[in-house]
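Okay, got some structures for you below.
Each of the next two complexes has subunit A plus one other chain: subunit B in the first, subunit C in the second.
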Partner chain A sequence: MVDLLIGIFLATLITALFTTRLYRLLMWYSLNSLSLGLLALLLGRSQHDGAMVASGVITLLLKAGAIPWILKRLSQRFALERRIVPNIRIQYAIMLVPAILVFTFYLAEPISHMVSGNANDVAISISSLFLALLLMMEHRNIAPKIVGFLAMENALFLLGTTATGGMPMLVELGIFFDLLMAIVVINLLLRREEVRR
Partner chain B sequence: MMIALLSLPALAMFVASFLHTPRARRFLPLSSVAILIPVAMLFFHPKPWRLWGDYLVADDLDSYVLLVASVVGIGVTLALLTLGRHVEIGEAAYRRFYRFFALFWIGLIVSILANHMGIYWIGLEMATLSTVYMIKTHHSAAAHREAWNYMIVGAIAISLVLFGIILIYASAKPVLGEKAMLFDALLAQAHAIPSPFLFEMGFALATMGMFVKMGFFPMNLWLANIERASYYPVAALFSGILESAVILGFFRFSTVARAVNEPHLVGFVFVYTLLTIFVVAFLIYRAKDFMRLFSLSGIEHMALIALFWVGGGTFAALLHFGAHAFLKPALFLSTGVLESRGRYHIAGALRGYRGFRGRLFVFLVGLFLLAIVSLPPSPMFFSELYGFGAMVDAAESSHHLLAMIGATLLLLILLSVIFYRFVAIYQSMRYEGEAEERPVYAAELAALALFAAGLLLLITPTAMEFLRRIV
Partner chain C sequence: MSLYLLTILLLLLIAPLLLGTIKALKMWLLFKRPLSPLQGYRDAAKLLRKETVLSEEASVVTRIGPFLVLAPLLIVLFFLPPAARGAWYVSFVDAFTLTGLMALSTFFLMLLGLDGASSFGGIGASREAFIAALAEPAMVLTIFAVSMMAGDLGVGQAGANLARSFPTNHMASFLFAGISFFLLLLAENGRIPVDNPETHLELTMVHEAMILELGGVPLALVETAAAVKFVIFASLFASLFLPFGADLAWPLALALFVGKLFLVALVVALVEVHTAKLRLFKVPNLLGIAIVFAFLSLITFYVLGA
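Up next is the complex of A and B:
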C-alpha cells in the first residue's frame, strides 16, 4: 500500500508537468497531497506515531482540500490565465522526466544504506523535488509556479517521512504555518497585480 | 518571559500598524527601540540561557547577532520616518510595510535564538515570506516582478536548506533520536554520527541554500535586482538583518560540520567562496549604480565572513560580520538620500550638500564608503588582517600552506580590484559632475550617526575582547 501511494504521488506530479489547464493542475496537486496525507496516516498508524497521524490529517485538510480550493478561488477572483502552456515542448519533457528519475536514483545510491527507510522511497522523494523544480521553471505564468512551490514542499514532506520516519511535530506544524503565510502573501501579491491591471 | 519581552516590541508594532491615527505613525519607530531592553538583558545573564527548553537558547554568539540586528532595526526605522520625502509612498503602503516588518522581526528573533534546526528554518521562512510583501510596497512593475522572483528563488533556496536539514536529521537520528535536530546535541555527538557522508550531503545542500539566499555563485545578481527594484530600507533590512540570520545559521551548521570532517568543510567553503568573490569582483568593477554596487559588495563581504569562519579566524569573521551589518545598511540608507526623488548620478553625487546637516552627511557617506573597502581604522581593516593571518596559520599545520598562500594572493588581487572601483567612485562622487542641492533630514542623519557609533564601538578593546571570547 505504501508503494502504491508513493507511486501515485510520483505519477500525479509527472502528470502535472504536462498539464496545460490551470484547474487540472490544481486537481493534480490536490491528488498529490491526498496520496501524501494517506501515506502519512498509514505510516503513522503502523508505527503508532501520533504526530505523523496528525500531520497526515492536517495534510489532507490543508493541502488536499483547503489550499487547492483557495487557489482556485483566487484564480477566479483575479482572473488568472487558465491556459498554462509549458515552455519545454512535450517531446523534450517526455525525455527529461525519465532522465531526472534515473539521475536521482543514481544520486541516491550512495545514501541508500544510510537511511532508515526504503532507499527507493528516498530516491523518489529527491526526484519529486527536482520535478517540482522543473514545474516552477517550465512555466511563465505565476499560478503554475505557485503550484511548483507547493509541490516542492510536498516532496520535502515525503523525504522527511521516508528518510527519517517523520520530522518532529513542532517542525511539521511550523511548516504548515509557513505554508498558510505563503498563501496570504500570494493573495496579497495577486491583489496588487489586479490593482496594477 | 524573555521570549515575550523580545517579541513584544514587534507585536506592538504589528498592532499599531493597523491604527489609522498619526500618533501610531510616531509610535512605530519607538517600538523598535524597545527591543534594546531585553537584548541588553541577554548580555547580563549567564549563558547558555534556555529561553524555551532546548529549542531557543541564548548564547554569546546569538546575543551578539541579535544586538547588531536590533541596532540595524532601529536605524532603519529612523530612516523610515523620512521615506515619504524621498520616494512616493502612500499612508496605507507605509503602514503595511511596518506590519510585515514586525512579522519579519519575529521570524528573525526565532531564527537567531534557535538551537533547533527546524525552528531556525521556520523563523527564516517566515522572515523570507514577510520580505516578499515589503518589496511589493513599491508600486512599480519592476518591484512587482522582483517580489515574485524573490518568492520563487527564495522558496527554492529555503527548500534547499530544509532538504539539507532533513538529511542531517536522518544522519544523526539513529543515535540522537529527536535530539538530532538540536545544534548543541549534534555538536556534542558529532563523532558518533553513524553516516558522516549523509551528514555532509545535508550540510552541503543546506549551505548551498543559505549561500543562494545571500547571492553567492551562481545567483549573484538576483539579490541586486531585487534591492534595486524595492525601496531602499528593504535593501538595508536584507543586508543588515536577514543576512545576519542566514550567516548565523551557516556558523551553527559549519561548527558541527567542522567536528565531523574539517578538511571537507574547508575545501567546500573555500572553493565556493573564492568562486563567488572572483565573479563578484568583476561584477562590481562593471556596476553602474549605487544599489547594485553595494549589493554586490555585500555578497563579497558575506563570502569573506564565511571564509574567515571556516579558515579558523572566528574572531575576524565576527568582527567583519558586525562591521558589515552596520556599514551596508548605512550605505543603502545613504543611497536613498542620494537618489532622492529619482535623481541620481554617480558623478557629483556627494556635491551640493550645504549647512551642518549636509556637511555631516557628506562626511558620513565618505566614511562608510572608505570603511567598506577596509581603509584603516575601519573594523574591516582589522578583521581582514586577522582573518588572512588566521587562514595562513591554519594552513601551516595542515600541509596546504602553498595552496593557502595562492588562495590568499588571489583574494588580495580580487579585493584590490574592488578597492580600486570604490575609490574611483568616491572620487567621482566627490570631485566630478555638477553640484545640485538636495535635502538631508535629521532622522536619516541620526540613523547614519547610529551606524557610525556602532562601527566605532566595534573597535574598542572591550568589544574586541568580547568577540574573542564568543568562540
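Up next is the complex of A and C:
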C-alpha cells in the first residue's frame, strides 16, 4: 500500500511536468499532496505515531484542499495566464525526466544504507525533489513556479516522513506555517504586480 | 482445452459488443439518445450481405488485405493469459511476439489504405505509421516490465503468475506500467485523445481514412479486426493489471473477466467524454509520456525493487 501511494506521488508529479494548463496543474498538485497525506496517515497508524497522523491530517486539509483552492482563487483574481507552456520543449523533457530518475536512483544508493526506513522511499523522494526543481525551472510564469516550490516542499516532507520516521511535530508545524507565509507573500507580490500594471 | 477455446470464442463474440457499449455509454453521457450496444452486430450482418465493390486502381493487396489485417489479431487471441484457473494457455509467447503480430496487422491496414489510391488513404496510412512507430517501443517496454515483475517473460505465464500471487511489494512499478499501458490502449485503438473513431472529418481521421475505400465483406472484416484489437488490449489490461478472481469456479471467473473488460470499456468511455482530441503533432507528447512511464516502471523495478 505504501508502495502504491509512493507510486501515485511520483506519477502525479511527472504528469504535472507535462501539463500545459494551470488548473490541471493545480489538480495534479492536489492529488500529489493527497497521496502524501494518506501515506503519512498510513505510516503514522502503523507506527502508532500520533504526531505523524496529525501532520497527515494537516497535509490533507491544507495542501490537498486549501492551498490549491487559494491558488486557484488568486489566479482568477489576478487573471494569471492559464496556458502555461514549458520552456523546455516536451521532446527534451521526455529524455530529461528518465535521465534524472536514473541519476537520482543511483545517487540514493549510498544514502539508503544509512537510513533506517525503506530505502526506496528515500530514492523516490530525492528524485521527486529534482523533478519539482525541473518544474520550477521549465516555466516562465509565476503560478507554475509556485506550484513547483510547493511540490518541492512535498518531496521534502516525503523524505522526512519515510527516511527519519517522522520529523518532530514542532518542525513540521513550522514548515506548514512557512508554507502559509509563502502563500501570503505570493499574494502580496501579485498585488504589487497589479498596482504596477 | 475446452475452457481455452471457450474463452477465445467468448472474447470474439463480445468484441463488437464492447465497442458498441463504449459508443452507447458515450452517447448516454452526452445526453444523446443512445444507440443499442448491439449495433456492431447489425452493421456486420448488413455488410456481409452487401456486394463488394473494389476501386479500379486496387491491386491484389486490397483483395487479400482485410484477411491479413484480421489474421494476426486472431492469432494473438490464442496467446492471451488465461481468464480462469485451470484453463490452457500458451506460456512462451513474449512481448515482442505480441507487439510484432499487432504491428503486422497495422502494416497491412496501412497497405490497404495506400492501395485504394485515394488521397485520404495515404494521409491516414502516414498518420497511422507515425502513431504506431511511437506506440510500439512503449508497448514492448510496458509488457516487458510487467512480465519481469511477474517473473516470466512469456505473457501467458506472466498473467497466470500474477493471478496466483500478486507482487504487492512492486506496487509502484506496477502502477507506472498500468498508466503506460492504458495510454497505449487509447493510442493503439484510435480512441479519442489520439484519433476520433466517430468522425469522418478529413482533417482528423486516421483509422477511418484508411478504410474509406472499402465496403461489403472487406469492411466487415476490418471493422471486426478493430473490435478484436480492442478486446485484446482490454483483456491484456484485465489479466495483467487487474489480476484477481481467477481462483473462482470457472463460470464465475469467466463472468468476472468479462465484467473487467466492460470496466475497461467504461473507463475508456469516461476518458473519451472528458478529453478533447489532441492535434496530431501533440500525439508524440502523449506517447512520450507513455514511454517515460514504461521506462520508469522498468528502472523502478530494477534499481529500487519497489
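The rule is short, and it goes like this: the second predicted complex is superposed on the first by the 197 of 197 C-alpha atoms of A that agree within 3 Å, B and C clash if a C-alpha of one lies under 4 Å from a C-alpha of the other, contacts with A are read in each partner's own complex, and residues count from 1 in each chain.
Convention: a residue touches a chain if its C-beta (ideal position, glycine included) is under 8 Å from a C-beta of that chain, and two chains touch if they have at least 3 such contacts.
Not measured: the values here are computed from a predicted model.
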Taking subunit A as the common reference for superposition, should the pair subunit B and subunit C be classed as clashing or as fitting?
fit
Looking at the overlay, does A:Met152 come into contact with subunit B only (first), subunit C only (second), both, or neither?
first
Looking at A:Phe78 after the superposition, I want to know if it touches subunit B, subunit C, both of them or none. Which is it: first, second, both, neither?
neither
Tell me which touches more residues of subunit A here: subunit C or subunit B.
B
Identify the partner contact of A:Asn120: answer first if only subunit B is touched, second if only subunit C is, both if each is, neither if none is.
second
Which angle, to the nearest 10 degrees, do you get at the Cα centre of subunit A between the Cα centres of subunit B and subunit C?
150
In the superposed arrangement, does A:Ala182 touch subunit B (first), subunit C (second), both or neither?
first
Going by the contact rule set out at the top, does A:Val97 touch subunit B (first), subunit C (second), both, or neither?
second
Have a look at where A:Leu133 lands relative to subunit B and subunit C in the superposition and call it first, second, both or neither.
first
After lining up the shared chain so the two structures overlap, which partner does A:Ile8 touch, if you call subunit B first and subunit C second: first, second, both or neither?
second
Between subunit B and subunit C, report the minimum C-alpha distance in the superposition, expressed in whole angstrom.
19
Would you please give the residues of subunit A that touch subunit B in one complex and also touch subunit C in the other complex?
none
Using the touch rule from the top, collect the residues of subunit C that touch subunit A in their complex.
168-176, 179, 284-285, 288-289, 291-293, 295-296, 299-300, 303-306
Please name which positions on subunit A make contact with subunit C in the complex.
1, 3-4, 6-8, 10-11, 14-15, 18, 90-91, 94, 97-98, 101-102, 105-106, 119-120, 123-124
Of all residues in subunit A, those that touch subunit B in their complex:
110-111, 114-116, 129, 133, 136, 142, 145, 149, 152-153, 156, 159-160, 163-165, 167-168, 170-171, 174-175, 177-178, 181-182, 185-186, 188-189, 192-193, 196
Enumerate the contact residues on subunit B facing subunit A in the complex.
55, 103, 116, 118-119, 121-122, 125-126, 129-130, 132-133, 136, 139, 141, 144, 147-148, 151-152, 155-156, 159, 162-163, 166-167, 169-171, 173-174, 178, 181, 194-195, 197-198, 201
